[in-house]
Structure formats: structure tokens, C-alpha cells
Amino acid sequence: MQLEKYQIQSHNEPQLSAHYRKLAYLEEELGDTEQLIEKLTAFQIAIPSWALGTGGTRFGRFSAGGEPRNLEEKINDIGLLHALNRSSGAISLHIPWDIPQDTLAVKELAASHGLRFDAMNSNTFQDQQNQEFSYKFGSLQHEDPKVRKQAVEHNIEVIRQGIELGSKSLTVWLADGSCFPGQLNFRKAFQHTLDSLKEIYAALPDDWKIFIEYKAFEPNFYSTTVGDWGQSLLFANKLGPKAYTLVDLGHHLPNANIEQIVSLLLMEEKLGGFHFNDSKYGDDDLTAGSIKPYQLFLIFNELVEGMDTRGMDHAEDLGWMIDASHNVKDPLEDLLQSVEAIMLAYAQALIVDRAALQTAQIENDVVRCQEILQNAFRTDLRPLVAEARLRSGGALAPVELFRSLQIRSQLIQERGLFTMATGL
Amino acid sequence: MQLEKYQIQSHNEPQLSAHYRKLAYLEEELGDTEQLIEKLTAFQIAIPSWALGTGGTRFGRFSAGGEPRNLEEKINDIGLLHALNRSSGAISLHIPWDIPQDTLAVKELAASHGLRFDAMNSNTFQDQQNQEFSYKFGSLQHEDPKVRKQAVEHNIEVIRQGIELGSKSLTVWLADGSCFPGQLNFRKAFQHTLDSLKEIYAALPDDWKIFIEYKAFEPNFYSTTVGDWGQSLLFANKLGPKAYTLVDLGHHLPNANIEQIVSLLLMEEKLGGFHFNDSKYGDDDLTAGSIKPYQLFLIFNELVEGMDTRGMDHAEDLGWMIDASHNVKDPLEDLLQSVEAIMLAYAQALIVDRAALQTAQIENDVVRCQEILQNAFRTDLRPLVAEARLRSGGALAPVELFRSLQIRSQLIQERGLFTMATGL
Amino acid sequence: MQLEKYQIQSHNEPQLSAHYRKLAYLEEELGDTEQLIEKLTAFQIAIPSWALGTGGTRFGRFSAGGEPRNLEEKINDIGLLHALNRSSGAISLHIPWDIPQDTLAVKELAASHGLRFDAMNSNTFQDQQNQEFSYKFGSLQHEDPKVRKQAVEHNIEVIRQGIELGSKSLTVWLADGSCFPGQLNFRKAFQHTLDSLKEIYAALPDDWKIFIEYKAFEPNFYSTTVGDWGQSLLFANKLGPKAYTLVDLGHHLPNANIEQIVSLLLMEEKLGGFHFNDSKYGDDDLTAGSIKPYQLFLIFNELVEGMDTRGMDHAEDLGWMIDASHNVKDPLEDLLQSVEAIMLAYAQALIVDRAALQTAQIENDVVRCQEILQNAFRTDLRPLVAEARLRSGGALAPVELFRSLQIRSQLIQERGLFTMATGL
Amino acid sequence: MQLEKYQIQSHNEPQLSAHYRKLAYLEEELGDTEQLIEKLTAFQIAIPSWALGTGGTRFGRFSAGGEPRNLEEKINDIGLLHALNRSSGAISLHIPWDIPQDTLAVKELAASHGLRFDAMNSNTFQDQQNQEFSYKFGSLQHEDPKVRKQAVEHNIEVIRQGIELGSKSLTVWLADGSCFPGQLNFRKAFQHTLDSLKEIYAALPDDWKIFIEYKAFEPNFYSTTVGDWGQSLLFANKLGPKAYTLVDLGHHLPNANIEQIVSLLLMEEKLGGFHFNDSKYGDDDLTAGSIKPYQLFLIFNELVEGMDTRGMDHAEDLGWMIDASHNVKDPLEDLLQSVEAIMLAYAQALIVDRAALQTAQIENDVVRCQEILQNAFRTDLRPLVAEARLRSGGALAPVELFRSLQIRSQLIQERGLFTMATGL
């Protein structure tokens, strides 16, 4: 199914006067908001192709129905999201789940929705049918050079696919690690991984980036070979200028100060991008901003400060992606909620009074520092985000429109109740 | 396949003289060890029927081959384990994965291996085919009385199955909880769960126990309705004298003092049993004693002290079960390692000098308290555990014998390489 | 120093028109806000007498100057806070730090500031000069009955002091526990503590409450004898109807779901009160709402729901206290920030659409549940809290007024730069 | 007081026959143990001068009596420890707590006990009397260059002191960080710290090392500027070849895999040394090996493997120090227990069958890998450690001898009951 412009317009119209009233109030508070709205409009968050179906745990999965059965339907789903919020204008593919049969057609389909192809994702954490060697004991870290070779070649194949689609980056998330003390020689695992990454790196086009994602634990439960930002940064530095660290918000030990990590990676010019989600315990992959919205704001606060200091373009110079799982919500509604939360956090970071903050920091006026941040966070910026959506042709209330149009029912009708999208 | 006595004997014989030398040394250190060996011999750890195949995570599962395809083969696997170590003389079934087709034959098969049926486990964390209502939003906690009724009836059916098999207890582990703030009214969820448990409780025979297992998180990632020992104890107290708390070592928040929980539950006469495993991060379900062996000893230290104080029978009065998952090891070898670690921790707890410890505690002689516990833990008690095994007809080195007999290869030959046992 | 009415008025006046504009906007969004403002006005948060000076860690303390040197000056400080925000109308004393020399004069002084005496706090975690027995190895848990007796008598003396001052409750926070495995027999420690608490309980007047505070760790680093809500509830239930659990937000293991604990304690009619603060790692005692403001809101969400369900009076039926430490901020400014954050969270909880939430919960509409909570949290309710302050005679911007009047400088002039208040 | 040789001999004599019996048994198990004993004999653990008195928390300190009142008495205490266990042959000083009045005399005193001066420690986490600028808001990170200069100069002064004493390294532990979001610009804090460290580095003699210690939190409760190994390594790499990372076992987030960090730092040739202690929750500073002895072994397992691979000398090429606090034990007894636990873990690591482990790792034989490590850990190596002690002239049972000679009573008689050593 496709969303028509008139549907959005007739959804927006009755809400316009209330919306403009709120916006006017905000402008009275904030002064000129044009620049803010422009930045919000430009900001696009890539949707992962593997998050369009119901997620699950090792204990089970409860499908919601109407899940996309192939790459084309996934693109259509993201097209729907983008039509609703105009902030989901990119797709992050996962190979081998999303190998295009007809690349040209796929590109045209994406373009018709206004979507570009963000980072490509390889998969060496599962065995595929007909795969020669198993990744049970790792892929790029494996003791057996034949396994490493297979994994390297898979990554190079993913780059190849990405080139055809117009992507510019490869995200390598490795499940590699160990479940028990003694299982691995950590140093050898690191060095095998480094050697493998070097081969992949050598296959990267000049204008590509490789993102080295780190994760503290799961699916390995004793060690992970790219386990924290320190390890990822070591790899990125040893690889070269096209290699960067990717931060997934759920991939840390309890209580980690993620915003500090972000700041330091920007300082080192090695922050590559983000996987947004939220969590209470581990890699829970919950809706962005649903558990710790203040942390999300603090992260954006560092991003904006650090990128501005380096003269980076907010929308272009980092990879912004969601990586969430939707076990109990409609996946599309959940993604709409995630995007909204991310946009809000970004907007809050944009209105932080930087000059005042800097002064307060220099004076060690901790009370004032806190007030400046809290002032931004406590301001209700939803009208601003809505306005950015409105101007780009999106819906004032995307979830409401999704529901009133009964999109899920239509998808179930089209695709069936028992479809299950590839993903986790 | 079946293990023959002569196979065990010819494995043991060449090791006997070394074994007796070590045992003699230990007796010189410890004095008379007869009582210790008797207690170790009597101690039996139930093997869960769902842990005989390769485990996995939401990211995948890498099968090892030769996994049992049905209940009979599972019983045979546990029979093998028990033949090897003589300490795995019980089986804990999981319904609906293990519904016996021919109860009598199943009982006879188990008896032929010397196995009894320990706690039965119900499953309301997954939807089964042809199930009328989904457990996506919980089972015993569910807002819809029809869902609760279905879940209650399932549990009663499990009791019925257990009665026929000669089991005496039901373990209820609930995945019930929520993934997001606001999803549940905690109080209503608690009360629905209590009402449902009351109905199940009413169906319990007089000589049965019901174990209420708690878990901090997963598969729900915001709240669990039976989330900690405090909640489980509330339920157990409200239900009545047949209701107990079950402690799974992996089901706590980081850094929890599990041994203190064990001590207090024994004090309240509400400790029902154990699920043994080990973990570094969450419910990692690793081999018992593989990560924190000192913690395992400290738990047994409380068990022995608390049970002795109440005049409880170590072997009979609590339910001892393994609940682990084997992602990278042969499941049977892994279970042998778990049982060995549990037996060692139990033996270490048995040799703690209780009188000296009590004196040191009364005198606040913390240095001495530590020395007394460390002295027990640092003593190498493997010969004692081996002797208990030897006397019961088991193997001196179970893993070695398992390997030298090439049992896994034989199982693969019998059952095939691509079998996958039911479980997690 | 004393704050004069005209000082507050001349601070407020120039801000009034902006304030009323914001308030009007909010009323347009929320509808009638009178009831909300009334509830906010009635809500009073007790200030702990031990938090008026600079806090510290074992690594040191960096005083800010002008700290109160005695009970009278502490009352004056809280009087100042209350004059500024009209929400700090209670004081929580700590014995032996705050033993009144002239009870009548102290009561009059407090009354002159509009302050009442909230929960009294005993101290058995430090040795006082001339104390006969040491609490090095615990107090109410101690093996030696003479130590327990001394600690019990101290608590009874605190009750006596409280009666004279008009307090109605005693908070017992015990540092009791152990630093090493084996140091304590957990069961005996529990039972000694229970026996001691029973003696204290017996000395409670009929209209008093005793709050049993729990804490996971620190200053003991292996076990705490009242370590979690489950243990506190066991004590409270064994003691009787005047005994309640007290929740301090910083006293949990990592990732604990505190709001669920709050809900269940209310269900059990055993929630007694709160110590507000915030933390990232342990008992960090940071400003309320400075790290996890959404969690603070979720806790209030449960409080409002649970109290309304039981027909409890928000302002009267629980003890609301701050328990924070101010290592790098001016203590009075920090307390103003804490009170503001607490009031905001309370206000957010008050505007949650309860009927819609209940419907969404019944329908398992998780997306909607989240939206309802987020809608309340994202609404900027600062004008409402300010209006409550204004109507009660407080300042629109308390921290600003505190600064513009140079109150700290005046306090330093009065009291000196190197004063150090009793506390932690 | 001084321990006489004959006192040790008369303590050892009655235990010799039992000791040799145990040793003989062990030799039967392990084969030739000469090399092991030599390595154990050579291994020396530095005792921190600040850990000779009773430790405490922000909640209080309970002195034990007889604490050393000055540097000479501290050296005497360590001399006592070394006489007892012959493994504590080094002292780690803390400036300004331990500024020698007469350097020559101090060196002679240390030499008379067979002690050398290990790493020097600076202190910029507390303000000293008469200090011009406060470290309330940090030292090397401070916004104010005058504060940084003062802190740099202090460190250079510590180096100067160390040179005179014959030390060869400086440990820099910084409390620098922040308590609240917004307080610091993380990047500027990092860069100020780096600039300051460069100045200190420039003052290092050629044969000195500087150890950059990291810590996740406390005393700052939101961020630490050298917060994890990744940050420390960044600093060390930017400083140059004399800069190394120092690992304190208590300075990590929950569940961190410290042994992996150790392995990678060795790989990067940037591991400088260790602070041994143990913990359950945070930086609990408990006796080494008292909570997680298996983790201590796993760390030594990586150390031995990594150092052997690089051809490093176990005893010489890293700094081995205890950094613990003794709140409820006699400090000297506690230190004896720590040293014993460290020696045991080191011995266990030495007997790991490296060749077999490497083979099992290459074959991904995870069961065998675990068995190899557990086999080493479960072997009772106390006789080996005792033999190393015996041969060096130490006591077979140091704590017993300490007690039977009533050393603490003598120290109290000499120094008084209410002395309090400098430290934490």
C-alpha cells in the first residue's frame, strides 16, 4: 500500500490551528526557530530492514501479522514511515537477508519513496544454509583461516552489493567472542580479527567508511572480541582513516557514561555513527527514548557540541540508524515512536544555550550548568518537530494517522497474518 | 546407546591406584571421610529435559548433532549421564515439549536408568500451535480472564502428567511482565497472577509442592511480575504451605548477594529448590561454577548451615536442578561439568568447620571467618567426589570416558547430524 | 538571615506577565488547573538537617562556607528554602547531630518559619565520643546483647526527642551488615535485628510510624542486613501495623525497577515514605531528577495511582524527604533544584490520563500506554509549579533570587568560611 | 617492634613435617616444582603506605589501635609483614602523607627490612592545609591554568621525592571528573589533563615509568576523566613510551571482563601495573581474592601468558601493588591474607598446562579449555606458596604467628590505642 498526499493533508488540516498556536507559543519562548526547523528537517534516521517485523527473544516470538516478506515490501514499509514522518529517508540493509534480485528495480523503488541506502550490514553471527564453514566459534576471529576467509569474502560481497545500491558504508557487528574462561586467547582473537578487517578494509572504495560496532556481551557470555569503545577504537586506528567506531546505545555495561564516550570519539575523529534504541538491563533493543530519555538528550548534547566544534554537518557526517526490536508493539508504530523521540532529543540539544553553558563550565558553576541542560530538556519541543514534519509533507500525528488509516489491517490483508520478516 | 558396567570398570581400573593415593592424602588432612562420601553419594541433581540439545540465543543456534528427538531419547541421554557420574538420577520435564505418549513405558525406561521424575515445568512463555489464546502479553497476569484460564488449565494438565509419572512438584516460571513503562498496572498484574496461582495451587495433590521461580528480566525488558525473591516470597506466603520460592542463580540483578537470599528463605521455611547455572552478565545459563565458583560454594555453605539447623535432609528436602544452556559445548559434556562443579561446592561446604566459624562470628573475628571458608574452598576435594562416584558405580573421569567411548559420534550415527532437541 | 516578603515580591513582579502568559498557555492545553495547583501547593518535602552542609566522600570534602553550626542555624537554612519555594515546610532531624538544647525555643523557631518536624533519624552507623560500645560490627544485629541494648536505647531516646518536637515517625537506617563472606550468620543477624526492632517498636507512641529503610550496600560491602525491599517488608510485617518500608532511590542494585517496588509496597499497605535523590552508579546522593528524571516521574506515576486507588492523601499519608549530598554545589541551591525536580515529577504524574491509560492497558495497547506517559512527561509543567509557589508566597525563580540576594555571602559573613555542618 | 629469626623458626618447626608431607604430595602431582618455587620466591607485592591503618567510608571509621603514626612506623609495619611472608618486599608511598624528613634514614630503615620503594603516588584529590588552590573541581583537568600548574608541580615534587628514595615510577590516580551532566566539557577536560600530564611526563627521568590509573566512578558520580582502560590507553599513547596504564581491580563497571583488558594492554605493550583488591559492588577495596578468587586467577592466567609471550620478567616488569582498605579487620592481618591470595592465584596460573590449552583453543574444544583452567585452580597449591615463604625465611602460617606473638597488642602498647594512620 501507498500513502497518498491527500490522506496526509486531510489528517493535518483539522489539527493545524492548534499546531500553529503551540508553535507560536514556542517561538515566543525561543525566538526565531527557522534554523532549528531547517536542521530538524534535514535530519534523517535510517530504518533497519531487519526491524520491520516482530522481534523476539530466545524464548519466543509473537508475530503481529502483515510483516514484509521480501526486500521490496520492506522498502515499502519504510516508504510508509517516511511518508508519515519525513524523517526516515534512509534504509539500512542486512545481507544475506536482503539481497536484491533486481538491483535496478530496487533502487528505483527506494527512490520512488525518497529513500537512500545507508550503511550495509554483514552477518557472520549466524550460519546460512549451504554455508561451507560454521561461525559457531566466531568468524573474523576464528582460529581456522578458512573460516576467516569465508567471513571476509562475505563482507566484501556486502560491500559489492552496497556499491550497486549507492550505499557508502559498511557496518561490521561481530558476535565473535567466547562463552567460557580459557576458550579464547584474547590476543590472538584480536589479531585474527584485525587481519580479517584489514582485508575487508582493503576492499572498501575510497569514499566508503567502515563502522566497527562494539558490544559488551551477547550472544557470547564471557568475552566479546570487539567488546567496548576502547577495543573498537584500537581497531579503527590500526585500520586507517576510513575506519570508525559505531555506538549502539544498548551495547554497554551497566551505568556506562555513553555521552562521554561519544564526546571522546568525536575528539579523536573516530565516531562513525549510531544505533539508536533504549534499554534497562542489557541489549534490550527497546524504543529509543522509552526508558532513559534524558540520557538520549545528553548524548545529542555531546553530538551537537562536538560536531559543531569540528564544523561537521549534523545530517551528513555521521550515520544515524535505529537498531531496535519490537516484541510487543506494532513494528511500524514503534519505529514512529523511536524517530519522534530521537528528533525531540536532537531538538532539545539544539536549543541548549552553548555560550552560557561554556561560561558556567569555566566558572565551575555546576548549578547553572545543570539548569541550562534541564531548561532545554524540560521545554516542550514537540511543536517544533511537528512543524518540521509538516513542512516536509509529513503528518502532524504519524501514529494517529497510521491507525486511522488502518494500515496494519491493510498490510495483513495484502501479506497475510502469518508472515514473518527476516530479522531478530 | 547404553553404557555397560564393564566399560566403566575398564575405564576406572588403570586410574584406581592414583585415585586411592589422593584419597588417602585427603583422609590424612580431613580425618574420617565416610560421612562426607555418604552425603555426596546421596546427593542427586536433576537434569532438565530441555538442556540436552544445543542452546542458542536470539542470534542463532549452532547444533552439535545427535540431539535427542523425543522424550525417550532424552531419558536415555540422562541415563548415560547418570551411568557416568551416578549423581544425575533425576529428570525434570517440560510440558508441552515432553508429553509422554505411553506413560507406563516412559516410567519403565526412566526406572531402568535409575532415574526419578523431579519437578515438572509448565510453559506459558511461548505460544503452541493450535493454542486458542496468545501469551504475547502474559499468561497468569493477563487482563483477559480467558487467557488466564487457558494458562491455569495448562498448569493443571502439567500436574496431572506429573502425577502419572511420580513427580511431586511443579515449577512455575513466568515470563509475564512488561517491556515498557505504563504497559502494565503492576498491582493488577500481581493480583491476576495471584488469583491464577491460587487456582493452580488448589489442584495440587497434598504431597506436592509448587515452586514459584523469580527472574529479574528477559524476555520482558522493563518489568517481570515475579521479578525477585521478595515478590516470589509474597506469592508463596499468600498461597500457603505447599508453595515455595525457587532460586535460579542467573535470575538476579548485577551483584546480588544470592547466598543471603538463600539463608533468609530457609529461615522463612520457603526455599523450595534451585536452578544451577552460572553467569557473568545476565541469565547467561553457563555451566555451573564456570564463572564464579566461590559464589557457588558460598551458596552451598548457607544451604548446609541452614538445612542442618532446621534438621532438613540435604538430598531430599530441596529440589536440586540444573537449568543451563550449552551454546558452544557438547550438551552432555557440559552437564557432566556442571554436576562435578556442584558436587565440589557441596563437598567444600560440608567440610567447613561450623563450630569454629560460629565462634569466630560471635567474636567478630572476621579474619578467622574468612580463613575458615577459604580453607574449605582451597582444599582439593575432587578425590572425595570421585570416590562417591566410584562407590556408586560411576566413572572416575566421566568426561574422559564419554570421549574415549566416542558417545557423541554414536549418538549422531543413531539420530543424525541435524536433529534439534526441543528447548531454548 | 531572614527573607522578607517584599524581597520576594520585588523578585516576582517583573516576571509576572511572562509567568501568566505561560500559565495561560498551559491552561489552554490542560483545561482547568486549579486542582493541580492545589495539590502542588499542599505537597511538602522534608529537608534533612544533615544535608545543609557540603557533602563528601571518603576521599575528602570541600566546604563551601557559611554552613550552619548548630540546630538553630539549620532550621534557619530550611526556613530560607521554604520562604523561597514554599514546598520545604518540614525538617527531618538526625540524632545525635541535632539534639535540641532548648526544645521549646527550637519548636518556636521552626514554627516561625512554618516548618514542622518530619521523621526523626537515629544514628548507629558511627561511634560517638563517650559511647560505651562500638558499632564497628553492627548495632541492632550485633552478637553482643549489650551493644544491641545500647542501640535500642539510642533509638528510644530519639523517639523521646521526636515526641517533644511533635514528630510522628522514626526512620531507622542501619549500616549493619558484613564486609566479607562468613563474617555473619545472615539468619542470626536478621533475628537479632528483628528482636531489637521489636523493642524499639514497643516504645513507639500509638500515632507514630517506624520506617525501615533498606540499602543494598555501603558502608558494608558484602551484605547488608536490611538490604532490599523484600527484607524490609519482612521486618515490617513481623513488627506490626506501625512499621513501614522506606524507599531511598539510591539504595538499589543496578537497573532495579523501583517504580514496581513502590507499587507493590502500596498494594501491601507497607510503603512508609521516600528519600529522594538521584544516582548513576550507587548511592551517589545526587540532586533529585538530575540523572534519571523519567524514572522519577514513573515513580510518582505509581505513587499517584496507588495512593488514589487506596484513597490516600498525597500530602499527608507518606513521608516525603530528600536525602542527598552536595559535594560540588551550594547545598541550598542544590536543595532548591531537588525540590523543583520532585514537584515537576509529581505534577507530571498528576496529569497522566488515568482513564485512557487503564483502557490502553486492558487492551494491551502498549504503543498508546507509552504515549500517554510520554505525553505527560513531555509537557512543560514548570509554570504550574511556579504558580503553586507564587500563590503560597514563594519566589517564581528561587535559585535566581537566592543568588541575587547573595544569600551565601551573607551566611559566610554571619557564620564564617570554615564552618562545617554535621552530616555526611 | 621487630620480628626475630628465632621467633619464626620456633613457629615453623612444629609444622615442618606436616608441611613437607603436603609438599611431597604436590610434587607427586605436579612433577618438579623447583622452578615454580623460584618464581614464587622472586614475586614481591608492594604494600601501600596508606593501607596500614583502619580504613573507612564516608559513614565513619572504626580504628583498631596501634596504627603507625609516621613514615618510619609505616616502614616498620611493612617490615613486619615482609618478615612474616617474605613476599611484601616493597613499599608504595603516598605524598604528601609520607614525605620523609630524613631521606637517608628512611632509606636505611627500609633497607634494613629488605624493602625497596615501589611506585610513588601523588594526591590531588584532597586539599592540603595551606594549599593555594582547591581541587574541588579537579586538578589536572581544571579550567584554571593556575590550578593545573599547582597540581603538575605537586606531581613533579613527588617524582623528586621518589628519585631520592630510589623509586622508579609514579602512579597518577585522578579523582578528576564531574558529578552532574553539563558540569564538564568532556573534551576540554581530556585535553587539559593531557597537557598537564605532558608536563609531568617531561619531568620523568629516563628510567622511570608513569602509570595512568583509571576508575569508573567515585568520588565523582557522573563522569571520571580517566574513566576506563580505553581512556587511560589514549593518554598513555599520546604521552609516549614511559607512560603505561595501571589496572585497579575495583575500578570497573559491573561485570567488566578485566582479564581481557589485561591481555589487550599487554598486547599493546602498555600494561604498567596492578592495584590488587576485591569487590562485590564498586571500589570496595576488600582483601584480594576474598570475593572472586577465580577472577583473580584468570587475571594471572592472562598475565603469565602475555608476559611469557613477550619474554617479560614476572617479578620485575610490572608494578604489583595492593590497594585495599581494611574497615573491619586488623590491617596487617588483612594484608597478609591479600598477599597469600595473590601468591596462590599466581601459582595457579603458573601450573596451567599452556601447550594443552593452546591446542584446545585451536581445536575450539571449549570443554577441555575449561578443564585445563579449572584443573589448575582446583589444585591446592598452598604448600607451594608456603615452601617459597619457608625458603626465604618467612613463616609457614603468617597470620597465626602474627597472632601468637600478639603483635597488635605490642603495637598498641608502643603507639597507643587511638592513633590513626594517614590514608582512606
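Letters A, B, C and D mark the chains in the order given here, with residues in each chain numbered from 1 onward.
FYI, a contact is a pair of C-beta atoms (placed from the backbone, for glycine too) under 8 Å apart; a residue touches a chain by one contact, two chains touch by 3 or more.
None of these values were measured; they are calculated from a predicted model.
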{"item": "Smallest number of contact steps required from subunit A to reach subunit C", "value": "1"}
{"item": "Per Cα centroids, the chain farthest from subunit D", "value": "A"}
{"item": "Between subunit D and subunit C, distance of the C-alpha-averaged centres to the nearest whole Å", "value": "40"}
{"item": "Gap in Å, rounded to a whole number, between the CA centres of subunit C and subunit B", "value": "43"}
{"item": "Sequence positions of subunit D contacting 2 or more other chains", "value": "136-137, 178-181, 183, 216-217, 222, 254-255, 257, 280-281, 287, 290-291, 294, 328-329, 364, 366, 370"}
{"item": "Residue ranges of subunit A touching subunit D (in the complex, touch as defined)", "value": "136-137, 143, 178-188, 190-191, 216-217, 222-223, 227-231, 233-234, 252-257, 259-260, 263-264, 266-268, 294, 298, 301-302, 305-306, 309, 357-358, 360-362, 364, 366, 369-370, 372-373"}
{"item": "Sites on subunit C touched by subunit D in the complex", "value": "55-60, 62, 125-127, 134-137, 175, 178-181, 183, 216-219, 221-222, 254, 279-282, 284-287, 290-291, 327-329, 424"}
{"item": "Of subunit B, residues touching subunit D in the complex", "value": "21, 25, 28, 254-255, 257, 280-281, 287, 290-294, 328-330, 333-334, 337, 341, 344, 364, 366-367, 370-371, 374, 377-380, 382, 399"}
